Amino acid sequence: MSGGTLRNVLFGDAQADRVVPPSGFTARLTLFASGAMAFLAVFALALSLASGRLADRWASELARSATLRITAPEDQVAAQTAAALTILRQTPGVDRARALSAGEQAALLAPWFGPGLDLATLPVPQLIEVTEDEQGYDAAGLRLRLSAEVPGAVLDDHTRWRKPLVEAANSLRRLGWISILLIGGAMAAMISLAANAALAANAQVIEVLRLVGARDSYIAGAFVRRFTLRALIGSAVGIALGLGGVLLLPAASDEGGFLTGLGFRGLGWLWPLLIPLLGASVAFAATWAAARRRLTELS
Amino acid sequence: MSGGTLRNVLFGDAQADRVVPPSGFTARLTLFASGAMAFLAVFALALSLASGRLADRWASELARSATLRITAPEDQVAAQTAAALTILRQTPGVDRARALSAGEQAALLAPWFGPGLDLATLPVPQLIEVTEDEQGYDAAGLRLRLSAEVPGAVLDDHTRWRKPLVEAANSLRRLGWISILLIGGAMAAMISLAANAALAANAQVIEVLRLVGARDSYIAGAFVRRFTLRALIGSAVGIALGLGGVLLLPAASDEGGFLTGLGFRGLGWLWPLLIPLLGASVAFAATWAAARRRLTELS
Amino acid sequence: MIELDDVGYSYGGGELLSNVSVKLAPGSFHFLTGPSGAGKTTLLKLCYGALTPTSGAVRAFDADMRGFDRDQMAMLRRRIGVVHQDCRFLDHLPLADNIALPLIVSGRDMAQESANLRELMTWVGLTERADARPPELSGGERQRAALARAVILSPDVVLADEPTGNVDWEMSMRLLTLLVELNKMGKTVLIASHDLALIRAAKSQVQARVLRIANRRLQLAGADL
Amino acid sequence: MIELDDVGYSYGGGELLSNVSVKLAPGSFHFLTGPSGAGKTTLLKLCYGALTPTSGAVRAFDADMRGFDRDQMAMLRRRIGVVHQDCRFLDHLPLADNIALPLIVSGRDMAQESANLRELMTWVGLTERADARPPELSGGERQRAALARAVILSPDVVLADEPTGNVDWEMSMRLLTLLVELNKMGKTVLIASHDLALIRAAKSQVQARVLRIANRRLQLAGADL
């Protein structure tokens, strides 16, 4: 099975494929294994793409949004808020700065003070939502300027809060990619197993073919083409089912977070189409290696 | 293969097992499939037990702990707190009632007001942590009495807060059990496949055995015993590896939540030991069904 | 012992055997001849129940085989020793175990039977090959082993399909002698063979009837055989 | 064509063949005899490279087989037609395709060869069974098919191992005639057989040498054969 015979292996004649018996069991095993693996791979892919998106969104929100808290004697709050807003609007890198309304603040604090909270009775600090633009602002410079001009202002950049969430999303994404690797490995193992079983079961067929003068590349090619085709068909069916399953999942909702946000977006839909190609390549390599070993053993 | 021959199938003589050839491929497939399935089952089991624990803990905390919030003019807070504590201690069903210290309150509010919060400058409500006993208290009656005697008190029973978490934990637990069912089904499918492959590959062996006067129960028994034993060994190895893997996971930390709390506690360690027994039973049933069908077909 | 009553058989196409009636009486010795593809092997398979006639009835030991369930069929096979034309063995067991296979599956005490086994293996000249796996045997060795396996349970009936196709003349005579000895002990023997020299040699040792399949019918061969 | 030069062979135990030297000249006709288990099949396997001698050298078409890689071996097999003692086929293909298998694997144009195939199948009497799968064939039918498959590529050498063990005398003669015709066309023929009647009949048709394996050596048989 020298390199020059690769073409022979890939594109043998139609006759050649008939000489290998249609082995029911290994065919089913290969179709089933590649189908199941492709199915799982779609979900793993969806998981890692979705958690990747989540991680990216959170990471960018985390970097791009902050809160300014103004704690001051009641009569100075309005003035300091106005001053802070002015400063923020002058700061390069700040996209938007907005003082939260009393209602918004009440909603945020309701968990602590109960729904019947009257903000007027409490010296609650005023919150200002700051949104960065692409470039981002210089947090240290901003803090310095604020401390000089708005003594009651504290800049809170949320980092402490969201970092663990971003980390969790990133580790989910890693989990997704690792699963895809494991799935690919398991598929290669199953197809090797099936190809070896087919070759072992057909020891007599191989003997007959050699007796009548068949080359090794001819024999190997018949097996390789068959298993590659099966893996291709099996994983195509698997991704079709997998994509169907992903479509049936509840649509991503804003609160949903991890579990409901699964699914593909835009060009992401092209990713799963790579799976059958990968599956077929895996089958090709696994079967060729198995045939090569087996044919050398039998000689 | 009548019912009376079941004993024969289960406990054939040692000689009988030699008549079936040691089929390398189906043996590997069975060992591998039952090992892999048992391995996965350990994790699924750990997941559902852990999320079950989490759900239970949260559900019981949710039901059994509440917060009393006392919002009152600064000079009345201490008196109303004392009054509320007295009432709570008299309420049947309340196990413990404890006013949070200023430090604890400051810690809880830090997210909102920043770490440098001086509670003294804020008319922050006083929080009282209420823990129910087994029987539980009558929330409506308590509210009534409080509204009469402690006008500033609001009873917050946390339900709104933790319910979605408990639901998430419960759905993880369900996911765990569904995975175990799926894993069992996949294992049964793989072993059926392997048993059928072995029976098909040994059509000639079956023919020879029948020619020399072997009964069907003798032939079926040889296959069934072999596959059952393989599934038992395979899944024993699988759970050993799986338990090793669970032990290697980072220990449950208090903040950890879902991902790190995996693992077995106390009697929970006995659960995985059921897996090989289940695996062997599945293999027994699958192989017997396959042998029965095949032997009828061949006659 | 075994009786075919107006039996017809077809593999699906045209009829291969029609109106075949024959009675293998206890202690009788029969040969079965006919051209290649005439249906000799088919007739033998009908006799031991591997095939079910498309018409007519087969009786073994006075019981109609059509009503047999699988366990009764297994018991029948222990009373009929069969030599297949293409001798099949369990390739993973050594030759000695293959020859002893009927003893193993019927649960006999192997220790008691070992002298018997050894004697039989000596007679067919396979003592030296006792530990070889069947695929390592030569064609003639396989045929001798198949005959040994067929007779080890000392069955009431021996059906042998072309048992000497691959052995030389001297060995053919040895195998024939084995079958003749069994026949003298009262066993019923039926040998399918196209080897006329073998049949002639047998007729000098034992009173044998020769059946011939021709044109789908079973006939008694003439005095020329 | 094929030349064994001081060849010895052992399957691992004692030596089965020692100091065997023989030259199958182009156009020669040989028989090979010897008792069952003597090593006839082994010698044939050495001739077509299925076994490698433990000592000595085998040359085919003037090339030493020891240096052959797998592709050269495949090319050699197309020039040597072999009839195995236990005829093996591809059980999933119909008989006609099995007989045509050497044409298929060497990539011949089947349309051109179909007349050739049909004529050969008629000669061995298998036209009616063309669509049957090999397991549905009778013992004799398999042997005839194996011979047909061995000669369809019109190879330079035909090695036949016990090609008439399961067929009646008339068919043996037909098969022998086929081989004699090939030999008259200049092909080299070697037949392993224990059937002395066949050998005698052949000697009347063609000038054949008879080789005998006895005591691990190859001898030329005496005038009695």
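Chains here go by letter, A, B, C and D, matching the order in which they are written, and residues are numbered from 1 within each.
Going forward, contacts are C-beta pairs under 8 Å (C-beta built on N, C-alpha and C of every residue); 3 or more make two chains touch, one makes a residue touch a chain.
Remember, it's a predicted structure, so these values are computed and weren't measured experimentally.
**Student:** If I average the CA coordinates per chain, which chain comes out farthest from subunit C?
**Tutor:** Relative to subunit C, the chain with the farthest C-alpha centre is A.
**Student:** Looking across all chain pairs, point out the one with the most C-beta pairs in contact.
**Tutor:** Looking across every pairing, the one with the most contacts is C-D.
**Student:** From the C-alpha centre of subunit A to that of subunit C, how far is it in Å?
**Tutor:** 68
**Student:** Express in whole angstrom the distance between the two chain centres, defined as the mean CA positions of subunit A and subunit D.
**Tutor:** Averaging C-alpha atoms per chain gives centres 63 Å apart.
**Student:** In angstrom, rounded to a whole number, how far apart do the mean CA points of subunit C and subunit D lie?
**Tutor:** 29
**Student:** Counting only residues that touch at least two other chains, what does the list for subunit C look like?
**Tutor:** Expected reply: no residues.
**Student:** Examine which chains touch each other and state the graph shape they make (line, ring, star, complete, other).
**Tutor:** Basically the chains close up into a ring.
**Student:** Report the complete set of touching chain pairs.
**Tutor:** By the stated definition, chains touch in these pairs: A-B, A-D, B-C, C-D.
**Student:** Going by the contact rule set out above, which residues of subunit B touch subunit C in the complex?
**Tutor:** These residues of subunit B touch subunit C: 13, 15-16, 18-19, 21-22, 204-205, 207-216, 218, 295, 299.
**Student:** Which bits of subunit D are touching subunit C when the two form their complex?
**Tutor:** Against subunit C, the touching part of subunit D is residues 11, 33-37, 40-41, 85-86, 125, 129, 136, 138-141, 144, 161-162, 165-171, 194, 196-197.
**Student:** Spell out the residues on subunit A that touch subunit B in their complex, using ranges where they run on.
**Tutor:** 24-25, 28-29, 32, 69, 71, 108-109, 111-114, 116, 121-123, 125, 154, 156, 161, 168, 171, 186, 189, 193, 196-197, 200-201, 259
**Student:** Enumerate the contact residues on subunit C facing subunit B in the complex.
**Tutor:** 50, 70-71, 73-78, 82, 84, 88-93, 97, 101-102, 104-107, 110, 149, 153
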